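Same chain, two partners: subunit A is paired with subunit B first, then with subunit C.
Take a look at the complex of A and B:
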């Protein structure tokens, strides 16, 4: 124990000494995270020659800082212009954007930064302390358990549908149907591809995200002179709003803690990602809230939940990578390649043979979050001014940089046209009262749900009762049932209490 | 007594666009898996079946509202004269042009042209000199950051190839 503490202290000070790498990387991460199509994974690949040329410690600090900053950066355009930089931030605009439109962009950004930094920092410490236990979570999460986790995320559609049940369900199930495009996972039979070979691998996520959010938003915002509501008070950059946002977030510290732990738990499962974590966290946050009716209108808790959860995922993905050598996501897979190039062998022996590497990754993450908090928070004052840029300049900028972002991951011109088609769909949906987030949830989670569903059925020779065959799965089923029923029971109790009050 | 605000009737024609698209797509999807193995069908029939059911309920609801004169089959929430006034139609044309031209002209030139044209349309032809300068600065900055500095896989054309040749020759 004493020896570990000494190593951790040493690694902490060594990592701090790399501030000159961390600070510029944070700004790079914020840029690449903020533009759809540019993820931390893509950037590390693009900068691979540079990363491989660095020594191991510098490379680790660079990759980890970029990963954390990109995750946080994805939330900035989600809040300011209703365009999530990555699918992991798809739940952020639900409450972040209404805050920005109401002239509370600074507060929303501060809340997001505090939730992200504390969530990320806290889960890094938890992951470090409970690594042997967390590493086993992946072993217990089979297809049956994953189906229930997906359903936790998909149940967010029901929350969105709460405003207009039929339209919410149509949007969600239409999204699930679009998500089913592509070949089936067992016999590779093409389904609903309209003859396009580019759709055989399924609907690519970035063009869907770009179209549904960015393109449709650009066509909507041109109706107004600026994004911010005309009746919102015009403000100059000020510290007061930033500090107010920090205060709002810190007052809800417990909310940050438990939603970031959801992110950590989902992050340690290989294959599960930030998008699932943020949807599940948002849904759970709404379920157990005393004011669920405020969600979707610019409620701070609706912003805290997805942001702390998706940053909780970052530390979670490192656990299976370091302990088992199984990358939890695309960025972790690229980190694995780079570190193997430097001769690092993963597994439990890593912490005995090269403890500074193992602990160093977590420490780099913790230090990155600390430095990010200090460097980014003051900038929220200026970032929030995006909402006051005239839309005649902003809308074309959004279109040009996000559409080309849709092209980057696969380099198919087809993906740009696909983004445009999703843009038209998103525009129609917005103008006629359907929620684009519900469509996107379906597109993201639909194929994953189908994959795990088919795997479970294949294992059981088509017996659907396999879904209730594991203890952990059954516990999750009960939790899912309770989380769906609880809001209804609470609503009913509140209505009864309100009826009783005038009678007294 | 204050006059009561007359509520605008719902434009059900526009609201039916998404359900009609959903039904059409689901039926097409079913046609592609009709003779496929069960693994390709099971989840699609389940999800598609629910979608058809929900759309059916929504359409019946619309029919009821139309019968009660609570809505009309109009499309004005989706398409109206404002789309021309705000420059939305022109902006859509410019966006289509952007997608078509970027493969031939490359990122920088197409971005410059797109920003220039769309900002001019949305700005109703005012401040053209400023818009030209802004479009040039943004597109060159985009090239410098994404293509020159980070070698990102953006579509390349005449400008990018020329700049690459110029820079590699010192």
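Take a look at the complex of A and C:
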């Protein structure tokens, strides 16, 4: 224990000494995270020759800072202009963008930064302290259990559908149908691809994401003068709003804590990602809220939940990488390649043979979050100017920016057209009262649900009772049932209480 | 003063004619490559193919005098990458595909896409040979082949594989035939998930390309190799299947190789010759081994192969694919 504390202290001071790497990397991460289509993973790949040329410590600090900052950066355009930079930020605009439209973009950014930094820092510390236990989570979360986790996220469709059940469910099922396009996970047989080679690997997420959210939003805002509502009070960005946002977030510290832990728990399962965590955290946050009706209208807790959770995933993905040698996600897989180049061998022996490398990765993450908190928060004042740019400039900028973003991950022209198609689809959905988020949840979580479902069925030779074959799975089923019933029970109790207290 | 007689004139003219006719070819060959060479990789970034490609391209680029630009097109068990290469890339020797001959040829045998024939491209440069192997998680209750065979006779064991159409999957099916044990192949989409499946107990054990298993270190234990164990201790001294069970199975290899449009090689033989020569020269450079090992490659697996070796391997895979097609496609 004493030896570990000494190593941690040493590593902490050594990491702080790399501030000159961390600070510029944070800004690079914010930029690549904010541009749809770019991510920490493809940036590390693009900069691979540079990363390989760095010494091991510098390389670790660079990759980890970039990873954290890119995750946080994805939330900025999601809040300000309704463009989630990655699938992990897809739940952020649900409440972030309505805040920006109401003239509270600066507060929303502050809330997002505080939730991300505290969520990320806290889960890093928890991960560091409980690594051997957390690494075991993957031993219990198999395909059956993951099906239930997916259903937690997908049940958000029902919550969204609450305002107009039929339209919400139609949108959700439509999203699930789009999500089933592509080759099946067992025999790789193409389904519903309409002969397009580009759809063999499924509907690409980034074009769907930017199309449904950003392009359709650009079509909408072109009808207005600026993004913020005309009845919102026009004011110049000021420090007061930033501090107010920090206050709003800190007041909800417990919310940050438990939603980030959801992210951590999902992040440690190999293959599960930030998109699942952010939707599950949003759904749970809404379920246990005293004011669920405020979600989707610019409610701070609706913004805190996905941002804390997706930063919790960031720390979670390092656990299976370091303890088991299994990368939890795409960025962790690239880190593995770079670190193997430097002779690091992951797995159970890492903390015995090279403890400074193992602890160093977590410490780099913790220090990055600390420095990010200090460097990014003041920027919210300037970033929120975006919402006051006249839409005649902003709408074309959003469309061109997102089309390029749609193109970047696979470099297919097809993906740009697809983003436009999703944009038109999103525009029609908005104009006819269908919720685009319900479609998107289907598109993002549908293929993952199908994958786990088919694997579970394949393992059981087609026996559907496999879904109730594990103790943990059954506990999760009961939790899911309770979580779906709770809002109905609470609503019924409230209605009953109102009946008992006669109106004055 | 010497004058040009009729015979001299004819000789000079003939020589000049030959030079003139040959000039474009010579110039073309001398000028090739004038730009970077695009390489389609039909798997994701960060995987084994990415690693091997980077290691090889690092040295090959100096031999050829140009850089290589990788483009990753994963999906449909490699089919997307091949469709992109055959359908969208010009057959001019400026684009290649770096694939895994074993699983990708098998995948072709399973699906037989109508857009192009398997003869429309061919592999010309093999980089490595990596036999498939069978391994368990370090904490698995099945720690020996005897445990596996005994358990496989009592119940159907779930076995993780990277994809159904994979040489290691065929190795497992052959093991089932030889021992009477029952196995249920579970495609886990990629090497990392296949390792994770065995380690975390999602499946009873897994089969995979051994290079990826070596990289997983102590988290796994190898019990059987579907070919020769070239690395001994690194694969826990696991025996080959033929030695352990008296079978006569050809090596179930993942074998990464560069391929090219057949039309490109026929239309630009000079360019293709330069690609082949520089490819071979890369193998003679000691930097290749350094680069390959530094990126996590297993030095024993680095193995040069030309057009003939690749064609022979491809044919063997097509025959095995036809034999096991019903089991690998669920048809």
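Quick note on the criterion: the second predicted complex is superposed on the first by the 502 of 504 C-alpha atoms of A that agree within 3 Å, B and C clash if a C-alpha of one lies under 4 Å from a C-alpha of the other, contacts with A are read in each partner's own complex, and residues count from 1 in each chain.
In the analysis below, a contact is a pair of C-beta atoms (placed from the backbone, for glycine too) under 8 Å apart; a residue touches a chain by one contact, two chains touch by 3 or more.
Just so you know, these numbers come straight off a predicted model, no measurement behind them.
Chemist: Since both structures carry subunit A, what do subunit B and subunit C do when superposed there: clash or fit?
Modeler: With subunit A as the common anchor, subunit B and subunit C both fit in the superposed model.
Chemist: If you stack the two complexes on chain A, which partner ends up touching A:139: first (subunit B), second (subunit C), both, or neither?
Modeler: second
Chemist: A:223 contacts which: subunit B (first), subunit C (second), both, neither?
Modeler: A:223 sits against subunit B, while subunit C stays out of touch.
Chemist: After the superposition on A, what does A:336 contact: first (subunit B), second (subunit C), both or neither?
Modeler: In the superposition, A:336 touches subunit C alone.
Chemist: Just subunit B (first), just subunit C (second), both, or neither: which does A:187 touch?
Modeler: So A:187 meets both subunit B and subunit C here.
Chemist: Could you tell me if A:305 is touching subunit B, subunit C, both of them or neither one (first, second, both, neither)?
Modeler: Neither: A:305 stays clear of subunit B and subunit C.
Chemist: Please tell me which partner, subunit B or subunit C, touches more residues of subunit A.
Modeler: The partner with more contacted residues on subunit A is B.
Chemist: Tell me the contact category for A:327 with respect to subunit B and subunit C: first, second, both or neither.
Modeler: second
Chemist: Which partner does A:313 reach: the first (subunit B), the second (subunit C), both, or neither?
Modeler: neither
Chemist: Mind working out whether A:458 is in touch with subunit B, subunit C, both or neither, as first, second, both or neither?
Modeler: both
Chemist: Touching A:171, do we find subunit B (first), subunit C (second), both, or neither?
Modeler: first
Chemist: On the combined arrangement from the superposition, state the nearest Cα-Cα distance between subunit B and subunit C in Å.
Modeler: In the combined three-chain model, subunit B comes within 8 Å of subunit C at the C-alpha level.
Chemist: Could you give the residue numbers on subunit A that contact subunit B in one complex and subunit C in the other?
Modeler: 185-187, 189-190, 411, 458
Chemist: For the complex, which residues does subunit A have touching subunit B?
Modeler: Within the complex, subunit A touches subunit B at residues 38, 43, 46-47, 166-167, 169-171, 173-174, 176-178, 180-181, 184-187, 189-194, 215, 219, 222-223, 391-393, 395-397, 399-401, 403-404, 407-408, 411, 413, 416-417, 420, 423, 425, 428-429, 431-434, 446, 449-450, 453-454, 457-458, 462.
Chemist: Can you list the residues on subunit B that touch subunit A in the complex?
Modeler: The touching residues are 11, 14-15, 17-19, 21-22, 25-26, 28-29, 32-33, 36-40, 42-44, 47-48, 50-51, 54-55, 57-58, 61, 77-78, 82, 86-88, 91-92, 94-96, 98-99, 102-103, 107, 111, 114-115, 118-119, 122-123, 134, 138, 142, 150-155.
Chemist: How about subunit C: which of its residues touch subunit A in the complex?
Modeler: 44-47, 50-51, 54, 71, 73-77, 79-80, 83-84, 87, 107, 110-111, 138-139, 156, 158, 163-165, 184, 186-189, 192-193, 195-196, 199-203, 215-219, 294-296, 329-330
Chemist: Contact residues on subunit A for subunit C in the complex?
Modeler: Touching subunit C: residues 41-42, 45, 48, 138-139, 142-143, 182-183, 185-190, 197, 200-202, 270-271, 320, 324-327, 330, 333-334, 336-337, 340-341, 345-349, 410-411, 451, 455, 458-459, 461 of subunit A.
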